Amino acid sequence: MRMIMLVMLAILGLISASAAAVAVAEEEELYPCEKCHLKLKLTGMKKASVYHAVNLTIGAHKGLVCADCHVPPTMSELVGGVNIVSFYKGDYKELNVVCAGCHEKTYRDYVNLVHGNKTIVCEGEVKVLVKGYKNVSYWLHLCQDYTSLSVVPAKGCVECHTPHNPHYKPLAPLPPPSRRPPPPDQSVIAYTTLGVIISSLMLIVVPFVVELEKGGRRGR
Amino acid sequence: MVDETRRNLIKAGVVAVVGSAIGFIAVKREKLMELLKPVDKVELLSAIDREYSVYAERAKKKEAELKRWCMEEAAKLCRERGEESVECVEAKRRCDAIQVKATGPRKGVRFAMAIDLNKCIGCRRCAYACVMENNQGRNLNIEWIKVLGVERKEFPEILGSQLDYEMAPLPDTVYIPISCMHCENPPCVMVCPVRATWKESDGIVVVDYDRCIGCRYCIAACPYGARYFNWAKPVVPVLELNPNMHILGNVPRVPHVVEKCTFCIQRTRDGGVPACVEVCPVGARVFGDLNDPNSPIRRVIERYGVYTLKSEAGTNPRLFYFFGPSKPVHKQEGRR
Amino acid sequence: MVEGRGKVTLVDLIRYVIAEGIVRGGPSYKCLLTGLALMAIHGLYLWIFVQHAPIFLGSDAGGMIVTGMNNSVPWGLYIAFFIFWVGVAAAAIMFGLAGYVFHHKGFREIAVIAEVQAIAAILIAMMLLFVDVGRPIRTLILMPQLPNFPQSILDWDFIVLSTYLILNILAYIYVLKKMLAGQEPSIKFEHAFMVIAAPFAIGIHTVTAFISQALVARPYWHSPLLAPRYVATAFASGPALLLLILLIAESRMGLKVDFDVYRKTVYVIVGSLVIGLYFTLSEVQEIFWYTTEPLKRAQASVLFFGKHIWWLGFLGWLWVILGVAAVLLSFIPSIRNTRKGIAILSTIVIVAVICEKTLTIVVPAFTPDSLGQVVGYVPTPIEVAITVGVHAIGFIVYAILARAALKLLIQRQSVGHT
């Protein structure tokens, strides 16, 4: 029975978002499960499959089985009463209940805006991508009115964590901070300063010395 | 001769005595007694009854000025790129959207932020988002957020930390994003000779750019290196301008004034979260109201506990750090 | 030229000072003023048209970006010399004080020159602050109400500096008026002045140290020894400068100074120097033996080992070497008891204190900065030019006021002797 689920999952995993509707139709054709599972030669606890590239023997969901989340026999239904179709439609947040089933504390963190991204929502919002400082891009909120904003979780769980291996992939760091730009070239100022200081010192010292000499001679 | 001086001295003395006597009678006794009362620090620091109408007026003026400037720049852009070009349209849209607010603090709110050091991967996206959200001068390289890479030891020692790492995250490194701590007891506010910077009642330490004299005493006093000086005229291209502005926050600065993180006052005062919180790809940042028992920040404090940086300085920062639920595996695996 | 006029008004006095200080000078004196004016104009020009161009002219170019200061080292050459000149101003009171305490006629006579030095030094100090501040016009906010008075030490500094400046100007006007009228300045006035001004003299330097000493963010400054250290070396540099001026006045203008004044002042200078060196020793012990504060140690090793910035280490040790040398030299009778020797000694002391009190006080506190980053600081030519210009203005004031006073002093001496 478990193998059946696996194959179903494998096939579903391969189907792209645009083919979601077709996928549901195809479900019927893929029965019986033996069609694929005879070829796969899956044994024991190894639940890897080349088709859907899901490997539950490693990664963060190590040790789980497909049925922990996918309700057999169709597998397109998930625990918590949502359907996998939401994923292909892009309603990621609907799938959160699946994760919440096990990760209760984290989910409560998520609901309380502790875990995960948060974003602001405003009236008449348009998000524009700005390419700015050091060519890094940034999503700017353009609103009609900025005085009533609210905060919601930005993404569903599966947007950051692949359901089958939910570790977050680290991102490459952006370039390090630069220091204050160096002062502009001041060689001209340096020379004039030097000139002014030297000439005025001459102006100060030379008459002084000359008079001192005179005075000295007179003194003698 | 001596008599004359003596007479003069006596005259001066009589004048002084009469003057102080008049002063003593004219100024009410209660007022004198008030002078003798010990100063309430909280009252001094957070000018709760600050008149916000002054700022509203100034914001309106600033808005008109900025719109004029923006339109000029947009017109320049249009002449260069053509009237129908994307840039021209976008610039004009940005100019129309400019809003300079003077939202005052809400009563009973005390903002704070917490950063999960187990999650932070040191990617610096917060620093860049901050620059773009807060209209920093692009020519001056001011970044209000600095991310320090510190060796994972018993206690992170800031000395010897790295600011300019190129690879992250490394497995044995903790990344500590640093910005203004919005201290309860801010040394920068104490030292400002003209009260150009102060702590608002909702906990945000702000700078009045129209009052700052640029003496940089606050930069010297800040234990977190969170204040920055505009060493020249800051330049913000129109196409990168964030039209959502606050008069005490991200309104484009004038040259030779000090600026700092304001918890994105233009967003948070109106119910949002700071840009760094929004942009953080791992959701390491948590922002909320300390006084609200249901706020995210309270949940963090209750569930995980928090610590502050340089707590020995006695500044009581309101930017907390905590080590969240688990150490992410990508660090354990040592991905580079 | 001035014969015991009965009543001297302020206008008379100003007219006299301008006549004697500027117009009647000899060719070499005029050359001196011209040279100083040249530097002053050059510095002022650079300040208005380059460094503060965005403020004064509204231009896009220029700005304080032309200085070497940065967000890690926000204070540089200006504040460094500000500290030095506040010290010089503070120490000027010593002469009057010595005259007051010991009833020493020689000291009492030259007290007016000390006042001139205090005026000039404070002017230099305040102008250095003024060119350092990003928005100088806005400092007018400080004037009427001192917005953050009890807390901000800069406000305190503003009060004590301006009060001390005004006190000295008043004293100068009073003494000059009396001398112009051919009268003896009253002892009572002098005593009153001393009693009021002496606390302010110590106060200006103490408050200047308080500016930096209470900052938790800068461990190198964060020690209660800073204020005593400032005052100690101030009492070496200030009198040394005054001795040099007196020696010049003696040789050039025929002023007669009691040699006892020199000898006693050298005692003060050497004593202060010894105390200053002792404080340095005390600081070194505190930092390098048991201090576990890593940042303080790192900042101290910038100063004492020249880590990151070699010339700071050089300056730091130059202070110790020159200080010790000056103390040792003062033991030699042929140096202590001759005018030439005292001139050499004074020069060494001034150089030593400049080494100790200018950039070596300011820069190590910011390297490494509070986040442990080393950015470093090198003054740019424009900073040097503006600093020189400000000093030139101060010296012009010094020269004019001192010459006016000296002329009267010499005249009185000659009258007294004949």
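Should a chain be cited, it is by its letter among A, B and C, assigned in written order, with residues numbered from 1 in that chain.
Following the convention adopted for this analysis, a contact is a pair of C-beta atoms (placed from the backbone, for glycine too) under 8 Å apart; a residue touches a chain by one contact, two chains touch by 3 or more.
It should be emphasised that the depicted structure is a prediction, and the values quoted were computed from it without experimental measurement.
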item	value
A-C against B-C, pair bridged by the larger set of C-beta contacts	B-C
Chain centroid nearest the full-protein CA centroid	B
Geometric centre distance via CA averages, chain B-chain A, whole Å	26
Distance between the centres, which are taken as Cα means, of chain C and chain A, whole angstrom	57
Averaged-CA centre spacing for the pair chain C and chain B, given as whole angstrom	36
Multi-chain contact residues (two or more partners), chain C	65, 67, 70-71
Touching two or more other chains - residues of chain A	179-181
Chain B: positions in contact with at least two other chains	140, 146, 163, 231
Chain B-touching residues of chain C, taken from the complex the two chains share	52, 54-55, 60-65, 67, 69-72, 74-75, 129, 132-136, 138-139, 141-142, 147-148, 150-155, 158, 183-184, 186, 188-189, 192, 211-212, 215-218, 294-295, 298, 365-366, 368-373
Residues of chain B that touch chain C when the two form their complex	1-2, 5-6, 9, 39, 44, 140, 142, 146, 148, 157-161, 163, 178, 187, 190-195, 211-217, 219-225, 227-233, 235, 255-257, 313-315
Of all residues in chain A, those that touch chain C in their complex	179-181, 183-184, 186, 189-190, 192-194, 196-197, 199-204, 206-208, 210-212
Residue ranges of chain B touching chain A (in the complex, touch as defined)	90, 93-94, 97, 99, 101, 103, 121-125, 127-129, 131-133, 136, 138-141, 143, 146, 163-169, 231, 237, 239-240, 242-244, 266-267, 270-273, 277-283, 286-288, 294, 296, 299-300, 303, 325, 328-330, 335
Residues of chain C defined as touching chain A within the complex	26-28, 31-32, 34-36, 38-39, 42, 46, 50, 65-68, 70-71, 251-252, 375, 380-382, 384-385, 388, 392
